[in-house]
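Shared between the two complexes below is chain A, which pairs with chain B and chain C, respectively.
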Partner chain A sequence: MSMTFDINTLVYMLEIVVGSLLVSVGVHFVPVGGAPAAMAQATGIGTGTVTLAAGSGLTGLLSAGLMMSVTDNIWPILATGAVGSMIMMDATMLTGDFIYSYAVGCPYASAKVNYDPITMFPQPPYVAPGTVGQGIPTVCFVSGTIGALLGGVGGAMIYYPCMQISGNPAQSAIFALGIFFVQSVIPSWNIQGTIEGFHDPKFKKWPLAFKASLIAGILLAIMTVLIQPLGGA
Partner chain B sequence: MDQLKGFTFTPQQLRMYGIIGSVVGIYLTVGLNVLTGTKLFSFIGSIAALFAVLWGANAIRRICSYGLGTGVPAMGMLCTGMGCVAAVFGLNLAGRFGIEWAGVIITLIYAAIFGYVVGVLCNKVMKFNIPIMEEGLTDGAAACTMAILAWSVTISGSLSYNAIIADVYNTGFLALIFILGGMALFHPFNANLGPDEKQDRTLIDGMMVGGLAMIGVGICSLVTLGLAPAMLTIVVGFAIWYYFYIWYFRLTTRDAAAVVGTGLLPPSAL
Partner chain C sequence: MDAFGMGLVAAMGALATVAGASEDIDSDIGSQSNPNSQVQLAAQVGNPHRIYNKAIAGEPPSNALWCATACIMAYVLIEGFHMPLLFATVAGASLAALFDGVMATSAYFGRSASQSRFNQWIYLDIVRYTTPSIMAHVWITSFCVTLIAVIQVYVLTPHHPFPIPVIGLIWGITIGAIGSSVGDIHYGGEREFQWRLFGQGLNTMLSGQIVRKAEAGLRNSIDNAWFCAKFGGPCTGLGFGLTVFCDNWRTTVFDPVTQAPYAIAMGVIFVILMNVYNLYMEISARKKYGPYPGYKGDIAA
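Right after this comes the complex of A and B.
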């Protein structure tokens, strides 16, 4: 039996844990509206956290993997992962806004703040009675982009050490995705399924998910770094 | 038809069936394959997965009935996501120690520990205060991992780390197991939840989707195992799906207030 445990193993573990934490914090930025948002009765993207995490995580992984086939340098890989994830999230939010605007026909408004912190537009007059906002207003859009940035960097940072250990893109991608799913479900439980972005009062709960994700990330990192290629593959 | 008798299992019973069924099933699959020198018995792996599905679907049913705020699939995805890593972790560790047969046990134990720790984190750190969170997540994580491992064994026909990586991970079939298996585990409660949710109806739904997953896994194994073992998996999977589909249909009509035939479209619409 050959167990190689050196400083590199610790670095890999650290990368996986930091990546996990970035994903976990990133989820708090994404305006997840859930089913009410799909009916234009709440602010945010009309789907669940896990679906969004899968979408942006997969796109981030694809673009990071593409860059990794060209270079071993971690910085361009992280940057590509972030850009891929951000493009996916922005495209989703933009298309969602088109539908809210042209098909549903509602103004974008946040029910959690009186003034949009970025544009300073008043929000309450535009919130339809009986709903908690509609569409994806500017502040949510910006917040979602930041969330995708963190998620993309996090996903790429998990993928990179997996690839360094196994050298197997398929296995690394599945591991990264598995860890990504765990780290997106934990914070989405923390925010109870819906959040508007960094201006939402629920955002202040992020340290709780941070602690939980830290411990879960360490457990996952132990597994991931201990899996090493066996001879004869 | 309205006299159809249901069943109820306690979580302890289902945990016992799940652990014994999945572990024994996986060993039986690999053992028979090695003894006969063929891959024909790979379909037993998917039957072993059904035991894990019963166990896991019940765990998800118990926790999600508390209402977590997110959809039911989130918990299934947490457990299956972790299972993808844990399933090969045990096999790899066992392979390196030279005790390949112990991989299943290592996987089971690590998955259970992970589930327990996440359950404690949810209750103590994120303040969920759900009394069965630790127990339920331990069950859920372990069951999902065993199900993934059992389906992987159906595709590769062997329990060695290298075979599973080559046949299941490198081919990308794990993504299919991830979604189909996740469906078998979280879909039952997602589809049946509500004030009149009944354990037998939910679990039979899980078995039905487990049969469908078996057909999907069988189609995948056409590539890795060849025609004969794959067809066996597909045919047995179809039989399981059909049997539980009829059973589920009868349970649905039992629980429905009334079943009314509406006929085809009214003549004015044609």
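Right after this comes the complex of A and C.
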């Protein structure tokens, strides 16, 4: 397959950049507590930002890939990617909360706000001494669902143009996977490893990651439209 | 929708549940993931221990490696040598288990040797009887994930367009992410620190003070697996099972070609249900456990 630059190439690049930005912003919504959360020492999900965002976004990518094998219409592909991603994230948060409430035996509480912005439940009395909160309260759960939605749409939006260029699902999936990882590492630096969700003060820093991801996204988009046509199926 | 497809999706859900459970128990025996930070710290604050220590990578990348290894071997046997699907899956999982054995052993030696200045010993008996059970669990995980990928690509309609190694890689990352977010809490939040007050997370002051004595004798990683297999493992299995089952159920019941909007709407309903269920659990936990007694702030509970 030979390289041709036309208006479509620009559209593909735009889709990759927009997808990248969605992933980058979406990561800020995911409540990750890192290693401390695994000891019920901090609010959020007990693992790293990148792995969690990737786990959910790539589950969405599997759904989007299946949908794209039967249709070329972008909307169901994006929607099913988002839904797949949200299902993974919610299943993870829900079963994680099983352990917080039934094994560790603690109520869920955020240490960043006095009242949960959604349920209005008071938080500080429920934070265990010597910790910075535990479990995944409603505001974090909803925030995580939004993050997975953005990540899923973003992943599908990166996969779609790759597939349009090369028509090779395996290669497009690997490309989408790679771009996804880059765009979830950048915001992880921005939030320094842990964040509780959109109510966390760190969330206000998102424009910084947005700018960095925009530059990375443009570079990745250029590389994608150059390399993808070489491996057409 | 056909009965055969539904049976396959149910089988995939069951396989995913088993895979999730064995993945978590594998990470508990090997002390691989986030709670291992405390195991590392223990020797440094004067508590040498007999816990296995194979944290060379986070769970998601390492499980992605095992599952992709198993899937590549299976893929070569299926596509290149036209072997039966099940045989190819078994062969692939065995290769992944061998790889894991090598990695786990070298990780244990390396990590423990680097802490010799803190009096941390290398216990050869631990290597001898813990490594095979780590390998066995990795075998189960990669077997189940490879079989899920094989079903998605070769059996279930519509066939998935990705080749099985890519699907194995993605499910590997997902299963590792779930295992490290769900099962780890049972190991880190409960098993490692059993002598503190029940009903709270780890107080920062207690970092590194892990429990080193078992029900009989000194605690080792097999004791941890015995404990975590009761709740942490099954919960992880439930998480991964829910993910695989719900995600595939909606595209099997509703044909993605003609009924795509229904498949998407069904997924949204699952998501809303899980949000509501979490809210219910939050309310019930707050009611049952109540606020912490030592709280001295002005905000009423």
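Points worth noting:
Assume the second predicted complex is superposed on the first by the 224 of 233 C-alpha atoms of A that agree within 3 Å, B and C clash if a C-alpha of one lies under 4 Å from a C-alpha of the other, contacts with A are read in each partner's own complex, and residues count from 1 in each chain.
By definition in this document, a contact is a pair of C-beta atoms (placed from the backbone, for glycine too) under 8 Å apart; a residue touches a chain by one contact, two chains touch by 3 or more.
Given the structure is predicted, the values throughout are model-derived calculations rather than measurements.
In the superposition on chain A, contact is made by A:48 with both chain B and chain C.
Which of chain B and chain C touches more residues of chain A is settled by the count: it is C.
With both structures placed on the common chain, the touch criterion links A:215 to chain B but leaves chain C unconnected.
By the touch criterion defined above, A:74 reaches neither chain B nor chain C.
When the shared chain is aligned, chain B comes close enough to touch A:182, but chain C does not.
By the document's definition of touching, both partners, chain B and chain C, reach A:174. By the touch criterion defined above, A:40 lies against chain C but remains apart from chain B after alignment on the C-alpha atoms of chain A.
On chain A, the surface patch touched by chain B in one complex and by chain C in the other comprises residues 34, 48, 54, 170, 174, 177.
Across the complex, chain B is touched by residues 1-3, 34, 48-50, 54, 168, 170-171, 174-175, 177-182, 185-186, 188-194, 208-209, 211-212, 215-216, 219-220, 223-224, 226-228, 230, 232-233 of chain A. For chain A in complex with chain C, the residues that touch the partner chain are 34-35, 37-42, 45-48, 51-52, 54-56, 58-59, 61-63, 65-71, 76, 79-80, 83-84, 86-88, 90-108, 114-115, 119, 121-131, 134-138, 141-142, 145, 169-170, 173-174, 177.
Interface residues of chain C, counted against chain A in their complex, comprise 33-35, 37-38, 58-61, 158-163, 166-167, 169-171, 173-174, 176-178, 180-190, 192-193, 198-206, 231-232, 235-236, 238-240, 242-243, 246-247, 250-251, 256-257, 260-261, 263-264, 267-268, 270-271, 274-275, 277-279, 281-282, 284-286, 289-292, 294-295, 297, 299-301.
Every residue of chain B that touches chain A in the complex is listed here, in rising order: 68-71, 73-75, 77-78, 80-86, 88-89, 92-93, 95-98, 110, 113-114, 117-118, 121-122, 125-128, 161-162, 165-166, 169-172, 174-175, 178.
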